[in-house]
Amino acid sequence: MLEQAIFPLYITLKIATLSTILVVLVGLLISYLLARRDFTGKNLVDILVTLPLVLPPTVTGYLLVILLGKNGVLGQSLFEMTGFGILFTWQAAVIAAFVVSLPLMVKTTSAAIGSVDRELEYVAYTLGHSELETALFVTLPLAKKGIIAGLVLSFARAVGEFGATLMVAGNIPGKTNTMSLSIYTAFQSGNDSLANILVVILVIMSLVSMAATAKLVNRWKV
Amino acid sequence: MLEQAIFPLYITLKIATLSTILVVLVGLLISYLLARRDFTGKNLVDILVTLPLVLPPTVTGYLLVILLGKNGVLGQSLFEMTGFGILFTWQAAVIAAFVVSLPLMVKTTSAAIGSVDRELEYVAYTLGHSELETALFVTLPLAKKGIIAGLVLSFARAVGEFGATLMVAGNIPGKTNTMSLSIYTAFQSGNDSLANILVVILVIMSLVSMAATAKLVNRWKV
Amino acid sequence: MSGNIRVDIKKRYSGQEDAPDFNLDVNFTASNELVVLFGRSGSGKTTTLRCIAGLGKPDMGFIEVNGKVYFDSELKKNLSPQDRRPGYVFQNYALFPHMSVAKNITYGLKGKSDAAKEQRLHEMLGLMHITGLQNEYPSRLSGGQKQRVALARALAPNPDILLLDEPFSALDMVVRMRLRERIHSIQETLDIPVLFITHNPVEAFTLADKVVVLHEGSVHQEGRPEDVFYNPCNRHVAELVGVSNIFDADFAGKSEYGFVLNTDSISITTTTNVDADSSYSWGVRPENVHLHPAREDISGCNVFSTTVHSVVNRGASRVVAVDIPGGGSVLLSEMDNRNFGKLDIGPGSECLVEIDPRDVLVFALEEPAG
Amino acid sequence: MSGNIRVDIKKRYSGQEDAPDFNLDVNFTASNELVVLFGRSGSGKTTTLRCIAGLGKPDMGFIEVNGKVYFDSELKKNLSPQDRRPGYVFQNYALFPHMSVAKNITYGLKGKSDAAKEQRLHEMLGLMHITGLQNEYPSRLSGGQKQRVALARALAPNPDILLLDEPFSALDMVVRMRLRERIHSIQETLDIPVLFITHNPVEAFTLADKVVVLHEGSVHQEGRPEDVFYNPCNRHVAELVGVSNIFDADFAGKSEYGFVLNTDSISITTTTNVDADSSYSWGVRPENVHLHPAREDISGCNVFSTTVHSVVNRGASRVVAVDIPGGGSVLLSEMDNRNFGKLDIGPGSECLVEIDPRDVLVFALEEPAG
Amino acid sequence: NSTASSAQEADSEEITVSAAASLTESYREIVKDFEADNPDIKVNLNLAGSGSLRMQIEAGAPIDVFASASQKHMDILDMKNMIVADSRRDFARNSLVLIVPAGTNQIENLEDLDSEEITKIALGNPETAPVGRYAKQGLEEAGLWKAIEGKTIFAENVKQVLVYVERGEVDAGFVYMTDAQTSDKIRIVEEVPVDADISYPVAILADSEAKEASQKFIDFVTGPEGKRILEEYGFKVE
C-alpha cells in the first residue's frame, strides 16, 4: 500500500517546493513594493493578491482554467509559442499552489517589512548601497521573522492545496495526484485505511519540512 | 436572483466575523506565548496549530466531524451538558473557519511579536506594569502591522472557507449555506449566472471589509 | 558665497495640536575645515545634518559640497544619499543589528577586496580602541562601544565629507581626548569638510576651525571659536558658550573707561559702545570675574565689595557665587584651586570683585535672530 | 555592611570567538545619597544598573535597596522589576514609540486619577523644559528632547530609587546645569538613593556624594569625590579623573621634602611614602603644574626649567604642554586665560615648572584591582 | 492527442478520461485491462465529482472522454455541443438505497422516516449531486418529501452521506448501492424505487484530438470486459 504514497509524496513535494520558491521570489518583490513604495494601482495589486484567499478554491481553480486553457488568455499564447498545453500537468498545479499561497506570503512579509526601521535603510544608502542591495542585505534580513512565517504558511498551504489544483491539474494518477488529491480519492472510494496512511505520511512530511525551516531560521543569523 | 445572495451573505459575514474574533483572541494568546515564553510542549502547540493548513480541507472537516459529532469526544460532552448537537449548525461553520484560519493568525502574529524590542517591555515592567498589561499596551500595539496582516488573512480565509465547512455544517439552505457553498452549488449545478453574481458580491464584500480593516489600521495609532 | 560647503535651506515641521511649528532656516558656508554646529537641544542641528546627507529634504534652498550641487530646489535637483556618500555618525548610532561589528564597519567598503576590507577593519578597530569586539553583535555592546563602531563605520570608506552627530557623547574622557585628536588629523589628512555636533563647549572650542551657532532653527552666529566664545553676538549665544552671568541693566551714562550700565545697586562699565535709547543686558564669563581678599586695595572701575554666597568645588576648579549688592541675584566666579586657596574665603566671607571692562559683554535685549 | 544600597554581584558575559570574557564583579554600598558610577566605556556601569533594576540577573550575589532584598542568589530570591520599580533612565532612552510624550511620561503613574496624571505631566514638562511637546511622538523629537522625556518618565512616579544612565549626555550646557540642580534637590527631597552614570568629570564631582569607580568590571575605588579625584588609588582611576600627566619612574631615594623619583632627567619629589623595592609611576593633575616666567627666581623642590612645546586654548582655560628634559614626553599644565596672559609665553619659550610635592600622586605599577 | 505530447513516443497515443468519483475503483481496473489490450494507448484517469469534471471541461480542459455519474451534466455539455453526440452511451446503472447506522433499528422502511424520533436525514445536494436528486425524486414519489424536507442535511457527495451515517450523526441517508457495499458500518434498509434512469453516460468530447483511441476506450467499457468489471463493483449493466 505504501508504494501508492510514493508518487503523490514526490509530486507534492515537487509542486510545493517549486511553488514556494516562486512565491518567495514574487512575494518578496511585491511585499517590498507594497511596504516601501507609493505607486498608482498599489491598492489594486494589494486586492488582486489577496483575492484568491477569499474565493472558494474551486472558483479560483475555475478562473485559472479559463486563464490557462487553450482558449484562455495565457494558455493560448503559451500554446502558440511552445505548443505546450499547461492544463492537467504538474506545472499547472504549481501555478494553482502559487496563486493560493501568494497572499499569505505577501500579507505576512509586507507587514514585516513595514516594521523595519527605515533609518537603517538610510544608513545603508549613505554607505553607497543601492535600494536593491539595501533591500536584500538590510531590509529583508531584518524582516526575517515575518518572511519565515510567510514561507512556512505558503509551503503548508501549497502542500494542503486541493480545490484549485483539482480544477487545473486534474487528479491523474502518476501525473498530478498530489497527496491531497490522493487522500481525497482514497477517502471517496471508501478506501479509508489508505486515506489514513496518506494523512499520516502527509503530516510527517509537513513536520519534517517545518523542522527544516526552523533550522533555516537558526542559521540565518540576525 | 439577488435575494438568493442575501442569506448567504449574511451568514458568511456572521460566521467570518465571529470566527475572526475568536481567532484574534485565541491567536493573540497563543502567539504571545509562542513568541515570549518557553514551555514544554511549545513545539507541539506550534505544530498542532499549523496542521490544519497542510491537511486537505476535507480531511480537516472529517476530523472535525469525528470530534464534534454526537459520538465525538467534544460533541458528546457538549450534547450531554446542553442537549445541543453542534454538527450541521452555523456554529459548526464558525468552528471550521476558526480551525482553518487560526494558523494564519498565529504564524503572522507570533513573528511580529518576536520582532518587538524586548527592552520596551522591560521598561514597562520597571514602571510597575504587569506582564499582561505590558503585553496589551506595549507588545501588541508594537506588533500592530503583523496583527493586522494576520487578521486580514484570517478573515479572508474564513470567508473563503469551504471544504471543512461543508463537512461539519452541511450545506443547509437558510441555515449554513455560506457564500462559498452557494457559489460552489451554483457552479456545480450549471447555474453559471447565479455563480457569477455571487462571486462579484463576495469580492465586493471582501474589498469592503479589507478597506474597513485599513481604516482600523490608520486609527490604531503607533 | 564661497567655500567647499554652502548650505542655505529652509524646512518646516508642523507642530502637533497647539504646539508651535519648527522652522529651520539655516545658511552658512565653510571651506575644508572642521565646523562645529553648536546649539541648544532642539535647535535644528540634526535636521541640518540630515538635509546635507540627503536623508531629509529641505522645503527649499541649496546645498553644495566640494563643488557638487547636492540639492537645489530651483533646479529641482536632489542627489540621492548614495551619490552624496557622506560619512555619517548618527546621533542614535543606527548600527545594523543583524551584522557583526566587523560587518558593520566594512559595510561601506563596497567593491574593495576582502584583504583590503580586513586591513581597513583592523585599522579602524585599533583607531577606536575596540579591537577584540569584531565578532560581537551590536546588542552585546556597551553604549560607548556602539558609538565607536558607528564612528568606525562612517570613517572607514574615507568619505568626501564627515557629518558627526555628537559622536563622542557616550565616551569616557580618555578615549574622547584621543579621538578628538584623530578626527582633527583625519580632517587635515583627507582635507575634507567635517561638520561636528557637540554640546561640550571645550570640545567645540578645541576642535573647531569654525563654529556655527544655531538657535531655534536659525544661525545666530558663525565664526572662529574665539569670535564666538569671546564675543557672542547675543544672549542666546552667550549662554551657550558659558557666559553664565547675564543680567538686565539700564543705561547710566558714559565714564572715562567706557559706557556705564546699572544692575541693582552696582554700576558696570564696559568698553562696548552702548546706545542710550535701547535696553540691554550685560554678561561676563565666570573665569573673568576675579575675586580679591576684602582687605586688598584695588583701584579701577568694576570693583565692588560683597559677600560670598556659596562655593562649589568642580574638581579642577572652584565656582564661587557672590551676592550682587542690592539685588537677589548672584554672580559666579570661577578660579583654579590654588588661587581659591590663596583667597581663603568661604560662604559669608567678605571679598572684592573685579571685572575688566573689556570682559563685559553687552547684548541688546530681544535682539532679532542674526 | 551597612547602607541603603548594598550591591555585591558577579556576572559573566562570554566573549564571541577569541574575544575575552567580560566579568562583572561589583561590590559597593551607599546610603540615601547621590552615587556616581564612573568608569571607562565598557567597564560595566550599565550592566550594574540593569542588575539593580532587575533587568539582568547576576550569576550570583546580593542586592538590597532600602531594606528590601532585591536579589539573593543563596536564597534564590529575585524580585521582579515590577516589585522594584526603579526610576530608570535608559542609556538609549527606550521611549515607547507608539505613545505620545504625555502618555510616555504618565505611563508609570498607574492607578492615579486623570487629574493627578495631568498635573504631574505638567510639572514634569516644566521641569524638563519640554512644555509644548506633550502631543508629539518620540520619532518627531530631537535627541535631547527624547532624553528629557525619558528623564521625566523615570521621575514622574516618585520612585524609591533612581537609576540614571548618562541622563544628560545629549543635553546642552544650559539645560544640563539646571537639571543637575534638579536631580540634586530631588535626591534630597525624596531622600532616596540615586545611582548616576556620567562620563563628565565635572558633573561627577559636583553632583556626587559618593563616587564609585569601575574598571574592567570591578570597583577600583569608592569614596567621596574629593578622595577619588585628588587621591586616585591607581593609574586607571587617575587617568579617568583627569590626571593626564602620568609617567613611569625609578625610585631615587629620600630627600628633606619627601621621597624622590626619577623620570628621564628630572627628579620629582613626593610626600607620599614610597618603597625602594617596587616600581612606580607618578602623576599630577595639569592644573597643579604651575608655570613661571624663565627669569623668575623660585626655590624649592620640583622646579625645573624647560621649553614650551605647544599651547591649546580650551576657551575658558589654556593647556600648555612643556617638554620634560631628557625625554620625548610632555607635561601638561592648565591655567586660566588671565594667568596665561601674565606668563607671556608661546611655543618655544623658556619657562620654569613648579609642582607642589603634595600634588604628586604615586601609583604602584600594575596594582591589582582594588 | 491533447495533453503534453512532446515527451511521448510518436506511435503511442495518450487520452485523458475524466470519470466520476464513484467510478474510481472500477475505472482503475478497466484502464489497467484496457492498456494491456492496447499497448499503444496510454490512459490518464482524472477522478473528481461529476460537477467539477463538467466545469473543467466547460473551462476548456483537454479531456477526451467524460464518464459522468449523472445524465444532467452530460446534458449540459451536450447542449453546449461540447460532446460528440453520437458517441454518448449509457454504460452502467445504479440503484438508490436507504441506509442507517449499523446496529440501529428504528427504521425498517421508507415510511419510518416520517416518525418523530427521526430528526436528521442525509442526502446529496439535489442541485449538484445526482444521488441527491434521485433521493429527492424517490421521496416525492413516495409522498414523503414535504413531511421530511425539514430534516434533510445536504451533502456534497455520496461519501459525505456515508460518513454521516457511519458515525451516527444522522438517522438515515440515501446513497447508491455501489457505495453502500463499501462500508460495513451501515445497514441497507431497502432499495428505493425511483422512476428515473440512474444511469452513467459516457461520451467523447468534441475537442478531443484522439477520437479514435477514445472510441476504443468507450467500446472497451461497454464491451464484455468492461461490463464484467463494473458488475464486480456492484453496478448493473445491460
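A, B, C, D and E are the chain letters, set down in written order, and residue numbers restart from 1 in every chain.
The definition used in the following text is that a contact is a pair of C-beta atoms (placed from the backbone, for glycine too) under 8 Å apart; a residue touches a chain by one contact, two chains touch by 3 or more.
Chain-to-protein mapping (UniProt): A, B = Molybdate transport system permease protein; C, D = Molybdate/tungstate import ATP-binding protein WtpC.
Given the structure is predicted, the values throughout are model-derived calculations rather than measurements.
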- Overlap of the subunit A and subunit E neighbour lists contains B
- Query: What's the overlap between the neighbours of subunit A and those of subunit D?
  - Reply: B, C
- Message: Using the touch definition from the top, how many steps at minimum link subunit C to subunit E?
- Response: 2
- Query: Using mean CA coordinates as chain centres, what's the subunit A-subunit B distance in Å?
  - Reply: 20
- Query: Could you state the distance in Å from the CA-based centre of subunit A to that of subunit C?
  - Reply: 57
- Listing for subunit C: what residues touch at least two other chains? 92
- Please set out, as single numbers or ranges, the residues of subunit B touching at least two other chains. 62, 184, 187
- Considering subunit E alone, which of its residues make contact with at least two other chains? 52, 55
- Full set of chain pairs in contact is A-B, A-C, A-E, B-D, B-E, C-D
- Mind pulling up the subunit E residues that touch subunit B in the complex? 49, 51-52, 54-55, 72-73, 76, 120, 122, 125, 127-128, 152-156, 160, 163-164, 167-169
- Query: Residues of subunit D touching subunit C in their complex?
  - Reply: 13, 15-20, 39-42, 45-46, 91-92, 100, 132-137, 140-145, 147-148, 165-166, 169-177, 199, 201-202, 204-206, 225-226, 229, 239-242, 244, 285, 287-288, 290, 312-317, 334-338
- Query: Which part of subunit C faces subunit A closely enough to touch in the complex?
  - Reply: 53-55, 80-82, 84-86, 88, 90, 92, 94, 96-98, 107-108, 110, 153, 157
- Message: Please output the residues of subunit A touching subunit E within their complex, sorted ascending.
- Response: 58, 62, 65-66, 69-72, 75, 83-85, 87-89, 166-167, 170-175, 185, 187-190
- Residues of subunit A defined as touching subunit C within the complex: 119-120, 122-130, 138, 141-142, 144, 221-222
